[in-house]
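All chains are identified by letter, namely A, B, C and D, in their written order; residue positions are counted from 1 within each chain.
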Amino acid sequence: MAFYPPADLLEAAARRAVALRRDLHRHPELGLTEFRTASLVAERLATLGLGVKLGREVMDSASRVGLPDEDELERCYRRAKAEGAPLSFLPALAGGHTAVVGLLEGAEHGPVVALRVDMDALPIHEDATQAHLPAREGFASVHPGVMHACGHDVHTALGLGAAEVLSGLRHRVKGTVKFVFQPAEEGGRGAVPMVKAGVVEDVDHFVAIHIGTGVPSLSACAAVNGHLASVKLDATYRGRSAHAGGQPDQGRNALLAAAEAVQALYGISRHHAGRSRVNVGTLRAGSGRNVIADHAFLEIEVRGETEEIAEYMRRRAEAVLRGAALMEDLEVEIRVVGRTTTADSDPELARIIAEVGAEMPGISVSAVPHQAGGSEDATYFMRRVQKRGGKAAYAVIGSDLASGHHTSRFDIDESDMAWGIELLARTLLRLGSA
Amino acid sequence: MAFYPPADLLEAAARRAVALRRDLHRHPELGLTEFRTASLVAERLATLGLGVKLGREVMDSASRVGLPDEDELERCYRRAKAEGAPLSFLPALAGGHTAVVGLLEGAEHGPVVALRVDMDALPIHEDATQAHLPAREGFASVHPGVMHACGHDVHTALGLGAAEVLSGLRHRVKGTVKFVFQPAEEGGRGAVPMVKAGVVEDVDHFVAIHIGTGVPSLSACAAVNGHLASVKLDATYRGRSAHAGGQPDQGRNALLAAAEAVQALYGISRHHAGRSRVNVGTLRAGSGRNVIADHAFLEIEVRGETEEIAEYMRRRAEAVLRGAALMEDLEVEIRVVGRTTTADSDPELARIIAEVGAEMPGISVSAVPHQAGGSEDATYFMRRVQKRGGKAAYAVIGSDLASGHHTSRFDIDESDMAWGIELLARTLLRLGSA
Amino acid sequence: MAFYPPADLLEAAARRAVALRRDLHRHPELGLTEFRTASLVAERLATLGLGVKLGREVMDSASRVGLPDEDELERCYRRAKAEGAPLSFLPALAGGHTAVVGLLEGAEHGPVVALRVDMDALPIHEDATQAHLPAREGFASVHPGVMHACGHDVHTALGLGAAEVLSGLRHRVKGTVKFVFQPAEEGGRGAVPMVKAGVVEDVDHFVAIHIGTGVPSLSACAAVNGHLASVKLDATYRGRSAHAGGQPDQGRNALLAAAEAVQALYGISRHHAGRSRVNVGTLRAGSGRNVIADHAFLEIEVRGETEEIAEYMRRRAEAVLRGAALMEDLEVEIRVVGRTTTADSDPELARIIAEVGAEMPGISVSAVPHQAGGSEDATYFMRRVQKRGGKAAYAVIGSDLASGHHTSRFDIDESDMAWGIELLARTLLRLGSA
Amino acid sequence: MAFYPPADLLEAAARRAVALRRDLHRHPELGLTEFRTASLVAERLATLGLGVKLGREVMDSASRVGLPDEDELERCYRRAKAEGAPLSFLPALAGGHTAVVGLLEGAEHGPVVALRVDMDALPIHEDATQAHLPAREGFASVHPGVMHACGHDVHTALGLGAAEVLSGLRHRVKGTVKFVFQPAEEGGRGAVPMVKAGVVEDVDHFVAIHIGTGVPSLSACAAVNGHLASVKLDATYRGRSAHAGGQPDQGRNALLAAAEAVQALYGISRHHAGRSRVNVGTLRAGSGRNVIADHAFLEIEVRGETEEIAEYMRRRAEAVLRGAALMEDLEVEIRVVGRTTTADSDPELARIIAEVGAEMPGISVSAVPHQAGGSEDATYFMRRVQKRGGKAAYAVIGSDLASGHHTSRFDIDESDMAWGIELLARTLLRLGSA
């Protein structure tokens, strides 16, 4: 007979999770600068009595790409300190080692079960109007230009909520439960260093989660598949400045080269074998109106339904970038600063999650495979676990959204957090005894 | 018989001018934020015993365009204060009213003669290597991304140097000499408000100057013509963000629209009737790699050999900007943030300057018209003076340059400052008695 | 017990089909100008004793779009005559009414079964080297720039081959077999007028076929799904010519507008809900090197996995085309000249075809749904039949290709024609008795 | 005292010139295919008793660039024959050797004087409406897509008119008068082969003419300067075709590469040192709507106020063309198919022409230098003559135009032909005795 976690334990965990979510939402941190978030997570895990590993212990430093520069790391570190990051854990995260793992050893021997959540925010300006609930209720971002517009604040809170429930039921836990708090999911930079550090080497059952993504409130999908493989590229054009009125022909126009590249990048042909994507998310070029721009910087992302398609897109993107440099007689530097891969959820694992959901009245959990629209580096964890013989699933906790992911009015329905925590807690318990 | 200013007076003025120039070079300020520069100028003029007008007295506030935003004005004002701007003059400049006029009343009645110099710097990163003399000798910019890369620091120092010489020879001055220190020449924003405030309504002879511009050391051109009329435009695209992987079709891509506009702007046809120019000096678009960019901002400048050609370019640029918005189904806002016009030097005035130069051994001053390559809003002063019946000339003080204008290694030969001050002082004296 | 058509009947039909295919391959005709092809088909059907309907009887004249101009229709009509088109049928096809239907009434009452093939060629230059079998064996196209590069010559020959076999077995046929020979499949122009003329109003079982498309020799797919909905657009830019050296600004550059449109068209965002495509197949612009081009003509095609996606692409394409016109201050005319839709094969019908195939040793026929990569206006027939309660399937007769569809060395393996005819003949017989 | 040609001689020549002009206008021929025009010219020169040289005698075959292909040359040759080209001269012109020189030896020894006119038409569709005088009066072009839209028909007629007058006054001619009828001025292809063949090696005074170009009726400019140096480039992209729906990623899109090149070509920076131009006059790409285009062909022209600027433009254009090829991963072939250079008129020669004009009541001829807007390969003749110590001038015979050069309604005022012939005849007589 199934065991049901006590209602008061669940309620307390949910209440705390909502409060924490709002605090994190107010203090969003970009990938690899989650100093405040990760140290708060570590402190909370310790308080709950879990074993805590963090920083270089759970993150292979050399495997990181797309690291912010020294000044930015330093600035964010100081900000975290100023905003109350627990000083006992903060130093271990310095230099952009912002991963945390909590370990809960069960009462009996059993399998290793992992729940993975991510913690980073996005470089988006949060809406400040009364139409936006976080603004209305006072927990909109206080970091200009940074926003939790993808729900990772919710993920972190759900992860800690599940940890809280399980720590209260430790006598019922068999085996080991790992709570994996990953930095830098955006940009596809956080999973690989954690995989390389061995975080999932002993994991038998692995579950990664996401909130929203088009799934409505009170329902969940236990088997998300089809995450796109992706490559993140930074491109820098270096030209030559010149007076735009007096000597325009003496310049080498980096801004123009970038514009030519942008148009041609979006024009890369669709691939017959499956979905492909290309985006130039940001472009910064030039320094003065009357000066031929001598530099331009682009943040690019290409994706494919398979690794092969993503690689086709990357190859074509590089040709385009180099062609524009040739056109304008200047130099381009191209750097790969992130990657994600593909992975499919194991049907058996998805079915178990759906069965757990079926025991929760009012909640609908489907094991039917659901096609993802974006990319996820949780796929690296999944591939590693599956390669070693374990099972992995990527699940979505549904929630009616105020506005889509990656928009300035993104918001979830917080009432979905309670049952989300319960579903995760029950699933981890069940898998422990699986 | 010509009067020669005493050598010791000239030498002292030149020495002080070089020192001041280096101080200004180290603390460059962008247009309409020349709080430190203008207050130093005002203090120096007062010390020399000249009448001083500044701020709203000499600048029609409502005629200003392209004003930095409140935060930026405030930030620069505070910086100026922190960097020693004289507090007796600073408040009058607040809010971007950074113009100064010095008045020297001569011993006898006579014509009104004006010398106009400009004070603003450019948004260029100054070279910090030992190859660049200002870096080597410790007076490179301490304001990151801002640089005196067009010599306005030198202009300001020359203007004060000439004022110093004339204040020492006040008994020889007939009529009135006006020293016009203009802000925001870059961007074509400073002259019109000063003209509108009536600064040159009583001027009989007007001389504007520039250092360098291809004229070698020890020589000057007294009749520069052909400055291009120009219009500065800011364009802002506002689109809609969306997840680049999951919902790309839901976005309205402002970055792509900007790239399309850039290419088409550079493709605007040459004009049969004379020179035309177009430059997109800066482009900032997007906020995150995996988000469809919902905004883009471009700083644009078009120019023409005549007002008609500049207007043709402006009209075509606006069509292009709107066409790109239509292409990507989003909005564009276009604002005119600066203008310059055309004006020719009066030959008689140029001849007088050349005659003055002929009295200075080793210096060669030509009255032959010289074609300018860029734009200048001194032309608004010139047109106004000429319209009222006065004479105007635009003169270049030659100097061998280390690197061209608007480049990160721009530098002049400081030994040209001494004879430059002498030529200006002699010319103002001569015109006073003309 | 299954009936097997006699081997000699099959062999004769196959031999004749190969010969006919080579004749058609040598004399390819573009859509709506298939005067020679269609009149040969009509004559052959009559010879076989089938009822023949053609021209306006089976084609609603007013529903045609993308009709070649009068001169071109006239030119092709005369060429057909000169190349031996049977004069008894040719006049009925005049003006671009190049559809033919053959009717075979069976010995007994029964269902109406239709086989649909297409007859038109592509505007591609056929390879003339010895590496290309049709060139080597002397049946490469004698019409410069026109080529059967998609196998419609084979389709026509297979259709007549099946008709030949069934006419020899008329005593075994129950019900009515319709042989539908459609013009102008390329461009999506031929099906709608035939549907509108009522050609499939009485059809119970409908089968459309294609050769090749990646399916290997000796195998067939009986259930092709996922043909992309498409819209074909012609865009014409009309500008103003001017002397490119003397008065470039007086021109309105249609060639430049077209180039801007092309880049932006390829840059239309992928759609999250499924496959999309865009192609600018041809561009013709300008008349002289030193003249600003006053006209440009583009042939465009957009596609989508659903009608909604195709419509999204069309709407975006029109915005792009109009935006480029606004950019260059000129006019654009946009015309829809063809469409295709989507349709899925009925599984029951596919299963019957697969069962028929299973009776043919050495041939493998699959009823597993197969995803199409391109577009097909046979989908209009399929939708109409299905809407009326009939069943429809789109089948591929596999063949190892020398080079891909729509390339200058496209070629099939002719040995696949014999079993193809047999499979079709058996299927039609079976469906007649179904 | 000046000699005046008899009025009846002038009137007859003018009448005949107008008739000839209309005949030539009706039968326009593109550069290097002027078979009918040149053979008519040769026949007329012979009839007038002048020595005639033509074809390879006056044209260095190997120096020709931009030659039409064999088929086109053959087609035009046959058309000329069909349209009455004199058979006695036609064969010498075969293969695109369509230059003619007429030699008139004077009664006395004297200098060699040359008048150069050009004969070729443009690839422009002539307006056929009643608004256009040539259409209204029945002499609009009967060659579709070809038009005398630059007045070379008039030039040829003026040249023969002047020859007619001088042949009637042979007793007054001193020295030798050369009438140089050049092919292929458009495209800058005809002058160099004639210079290389030595046509102006002995010339002391050289005059080239043009009708219209903005100069009003009854006036002429004797000193046109500033023709732009130019380079004509043909670019061919060769990609790979593919099915646009099924295998778009397998293609190499030549049409897209061409569009990218076009945009970047027009975006080549203006040059500080003087006028520059770029035009892509024609673009032909692709073969079918649903096929990735495997070829694209562009006719390009770049110009500069100096040879250096033209060379800058050519170098930049080639970089752009190659950059687009790199972008789309395909090949580009670039060929130089024509050139023009710069040359200034000799003031002394211009003054003589102006003096001759001053003797003609009602006609105003200026020797003040006039800035040209376009390019001319007459400059190669001028440079050669000047280099050898002779004098050269480029003169414009003014005429009020119905519509600008290179437009479909271009037309001159034929009443300017009479005085034009008189001015030329008088000038040649005067120079002969100079």
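The rule is simple: a residue touches a chain if its C-beta (ideal position, glycine included) is under 8 Å from a C-beta of that chain, and two chains touch if they have at least 3 such contacts.
Predicted model only: the values in this text are computed from it and were never measured.
Engineer: Which chain has its C-alpha centroid farthest away from the centroid of chain A?
Structural biologist: D
Engineer: Does C-D or B-C have the larger number of C-beta pairs in contact?
Structural biologist: Between the chain pairs C-D and B-C, C-D carries more contacts.
Engineer: Would you kindly tell me how far, in whole Å, the mean C-alpha position of chain C lies from that of chain B?
Structural biologist: 67
Engineer: Quick one: report the Å distance separating chain C from chain D, using the average Cα coordinate of each chain.
Structural biologist: That pair's centroid distance is 48 Å.
Engineer: Give me the residue numbers in chain D that touch at least two other chains, ranges are fine.
Structural biologist: In chain D, the residues touching two or more other chains are 246-248, 250, 253, 256, 260, 263-264, 266-267, 269-270, 272, 277, 292, 373.
Engineer: Which residues of chain B touch chain D in their complex?
Structural biologist: 263-264, 266-267, 269-270, 272, 275-277, 373
Engineer: Any idea which chain C residues touch chain D in the complex?
Structural biologist: Touching chain D: residues 122-125, 145, 186-187, 213, 228, 230, 232, 241-248, 250, 253, 255-256, 258-260, 262-263, 266, 277, 279-294, 296, 299-301, 303, 372-375, 404-408 of chain C.
Engineer: State the interface residues of chain C toward chain B in the complex, per the touch definition above.
Structural biologist: Touching chain B from chain C are residues 246-251, 253, 256, 260, 263-264, 267, 269-273, 292, 312, 316, 319-320, 322-329.
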